[in-house]
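Next, two complexes with subunit A in common: one pairs it with subunit B, the other with subunit C.
Coming up: the complex of A and B.
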């Protein structure tokens, strides 16, 4: 009767103690830098100049006033990011799902194929970039040579997008496929057996058993893929160099240019917040959309 | 001492070097860190020079780090801020004002004075002046590296052209391209990127009498008539079929090595890359005079001292010895594909024996440099954009230049405000 009190008192701190290590890391490496970034975005900030004048919301206003220096470039880069996300996400979700469905079946050499599909993912973006830059070169590249064509794979639209999406799919497909594969193996066999007993064909089994069973995994893959596509940087930087005329320069690439090359950290920070906000909206919409279908 | 060879005037400076060396060898060793961006063929040469220096001066040991130039210019400020700054660096002439204004590099007028350096020792006044910012010296010139014209002798022979007489004027150049075209060879691949499309455009802009900016660098002027004529000439190479459209990054240089094109206007730093291609017969010459006057793009590497959180006088002293030693040893460095900045090196028999470098050096009197003002690279990026747009056929030369120049004017005005000069 008198024992529960001390236990409860000790128990009150327990969850926080469990959380503490993570909270400290989260605070120091995420929350504080994020707040500091917000502070930077309100200044004309070059970390090496003694004068970092306060400019209030001017860095944000500049992004929305057409006569400012960054307006055109920033929104072009946002458009490039949006287009890349729009073009790449459907392929990066559908193809890995297809691959996962195939690899989930029993056939000889299954492990070998799993390895083959996952292999490119372990390469760094620098390797992938240099590799594809040579394959895709419009004049001396292997791909044009094999097609006996001279398609401008890296220097004109829409070809540059085809290249960037294509190489990204080749590169990262394996990762999503592995996640789908894990999800597929979590769906219990009994459901399929029951469906068969009810006379469901292959397609009906996929629609009514596989897809609902995969829903949480699908949501995860979709959100992660959208976010990583929106953060695309290396492929454009290495393969197209933003060509033609910055049309494939993504938001992250432009922000890095502004902050790290022209040392306008205040402007770059403001741009990052606008980009982050846009991604937040997209992700929230995502969760909302997929959850509503549940009910 | 072997390291004193090949430099006539080293004798004049030798005095202070020799009086210094014994004192240092008695002290404990000083270790200097030296950063640069010589990732290309020149990396091997700088390594060799540093090794020689380390052997020659037991009291001073230099540790070198090589980064890609793009990474180098991003890493250095961080290193200075965090107190991990290297002692000595090499950077480009047009990078000096930005880094001086941002307090990353230190003035070294006293060093220049101690070394007895003066304008008349140098082959180019622009290179010497380029080391200055707001009247103080921040950079000690190491070399110049201009654009030049490589020509593929085998391809010229195939087209019935004289492989020993590369074209010198615009008319001769056009005639050669026409003859090559007749044999199904696209003679001049036009790259739409900084390497080397922008360098070609800037060279021609100057040849047509234009300037990138007005004298005070308050306004971009590369959209002038001269600019439009220069870019139109380059875009016409594509339109008239002398160049394929949509040339990829570096594809022009690779095609040159493969015998697919005849002429490549590229940097002197590519010399050794061409030497390594088996069976390639090539020559180098000044770029042809297309406009009414001679001009060619170039840049210069300069030694700079980095700001230290707690400056160590012994290290500073050692850094001076190192810079002096290296900048006097130009000929060994020039073999990597550079041309001399010191008059007496340019006139030395050792340099005269470097045949290809000599071809590039013929341009020395009219090499032009990017303007040396703080933050200039931000504005120059817009020249790249205009060249890219026009060469890829996305906009007419006049429109592309006009839009880019308007934006560049905004950028240089921002920079004046930011850096206060």
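Coming up: the complex of A and C.
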């Protein structure tokens, strides 16, 4: 981080006056809930009941004991989140990279195509969800019609996963592609020229110049994509509704239902910290693993 | 360089690939628009046709009536109010805070900035339940306040604007200080005008984030009259399960502000995304 030369002659209170409005919001809606959530998770906290008895770590223990009420559903939902992440991340990294390589060429209308591929991303998951629900409708949907098939896209496995991954790729491909494109444009032309002089073909240039030059961006995209896939909610909620038999009900969907539909907030808060911790471990592993390969 | 046959073949396949990709990205959106202009029998007719026959705006009729169970126009209005108010709040508070963090010296500056940035790494679902309770005790459940205020505490705006301020030259401020201007005057007259592109980008990103948010409005808004478009579309899908033209019309209406804003601010949005992702 750069250290700008400090400005003298500022009144002592001045910085705090500039900060105050933001800090009020930050304190009440970020710092406070982060701690409040922990407190909730240590209670048998039912929003609708007056008494919220302290239970210590029991909400957490329950998540790991097979005979408890939430064990099966919670881990089923964790599995759904894990599967979705596992299925979607390779496509959400590889396909945007291909598109970015395509757009990295000089050709007329490049900016226009960049915008076209990015456009679905500016639509919210609500629009994307209802649209794909229609496209994937087994009876009247366009997809089955184009394939002359009657595949159960929203109600059976593995089709439900194909649907969820496919629509997510369509929706967010542009986002990752733009980040890759920015990374590609930071790679010096001279490196390619030098490789050409050495007789490297296109594939060799990709392997020895593009990939190493893209490494930090690749790590960033990979980590961000894993995190956003693990946050998947709207697609399942709107398109498969968790079907078949909760197989595609993701962890966040289950946490939200437990906490905000059945109001068992202590259990839900505990679940959210377990999921957050799992994601932290994955990200840390990611960074360590890819950093080490660098040497 | 003369174009050899191999080279023109390569160029042709490049354009074919580009056209194919473009079709994949555009076709679903065209299908949404086309279906919204169909009658229900026409929408389910096999084989499907891209051109509505007849063209009708009938599917939009149940959306504009305020008496209807699914008042899309009202949700549209609610969405615009909430997202605009939220974006103003985000921009206003984070520009002020980022200025202090980037340009002013005070004890604890680095620690505070570190704390704010640190919260970017807490997944948002962690805040879902505690913020529901906080919003509930403020009496904001089932009202637009729940959508306007809490999200404005996010670290992103501060981070984004601070990066922007850090790139501005310092000489201007020093000159103004010598002439006896105070910090507020410097901020108003020198920094704010220079920060206009950053502010515009942040406004668009904040608006779109709020406009498109799904999980939070689905759980904090209960009565259809208070809905914004995201939960609205979800119940629209439930209410018209067999009438896709109406659902697609709702989707078209919901897409309009996002697409318009994107067209207007396309370069800023795309650059904002690639920059905020990379130069972290």
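Definition applied: the second predicted complex is superposed on the first by the 261 of 295 C-alpha atoms of A that agree within 3 Å, B and C clash if a C-alpha of one lies under 4 Å from a C-alpha of the other, contacts with A are read in each partner's own complex, and residues count from 1 in each chain.
Assume a residue touches a chain if its C-beta (ideal position, glycine included) is under 8 Å from a C-beta of that chain, and two chains touch if they have at least 3 such contacts.
Predicted, not measured: the structure shown is a model, and the values here were computed from it.
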Touched partner set for A:47, first subunit B, second subunit C, both or neither: both
Partner chain(s) touched by A:140 [first = subunit B, second = subunit C, both, neither]: both
First (subunit B), second (subunit C), both or neither touched by A:69: first
When both partners are placed on the shared chain, which of subunit B and subunit C touches more of subunit A: C
Subunit B versus subunit C as contact partner of A:122, first or second or both or neither: second
Touching partner for A:202 - first (subunit B), second (subunit C), both, neither: neither
Touching partner for A:155 - first (subunit B), second (subunit C), both, neither: first
First, second, both or neither for A:33, with subunit B first and subunit C second: second
Contacts of A:260 with subunit B and subunit C, given as first, second, both or neither: both
Which of subunit B and subunit C A:189 touches, first, second, both or neither: neither
Subunit B and subunit C contact sites that coincide on subunit A, given as residue numbers: 47, 133, 137, 140, 260
Subunit B-touching residues of subunit A, taken from the complex the two chains share: 44, 46-49, 69, 72, 133, 136-141, 150, 152, 154-156, 241, 243-246, 257, 260-263
Of all residues in subunit A, those that touch subunit C in their complex: 2, 4-12, 14-16, 18-19, 21-23, 25-34, 36-37, 40, 47, 99, 102, 105, 107, 111, 113-120, 122-127, 129-135, 137, 140, 142, 145, 170, 174-175, 178-179, 181-183, 217, 220-221, 224, 227, 230-231, 233-234, 237-238, 252, 255-256, 259-260, 265, 268-269, 272-273, 275-276, 279-280
Complex contact set, residues of subunit B against subunit A: 73-74, 77, 80-81, 101-104, 189, 192-193, 244-249, 251, 254-255, 258, 260, 375, 377-378, 381, 385, 388-389, 392, 394-395, 400, 407, 410-411, 414, 418-419
Subunit A partner contacts - residues on subunit C that touch it in the complex: 14, 17-18, 21-22, 24-26, 28-29, 31-32, 35, 43-44, 46-48, 89, 92-94, 96-97, 99-106, 109, 112, 116, 119, 121-134, 136, 149-155, 158, 166, 170, 173-174, 177, 182-184, 187, 208, 211-215, 218-219, 229-231, 233-234, 236-237, 244, 247-248, 250-251, 254-255, 258-259, 261-262, 266-267, 269-270, 273-275, 277-278, 280
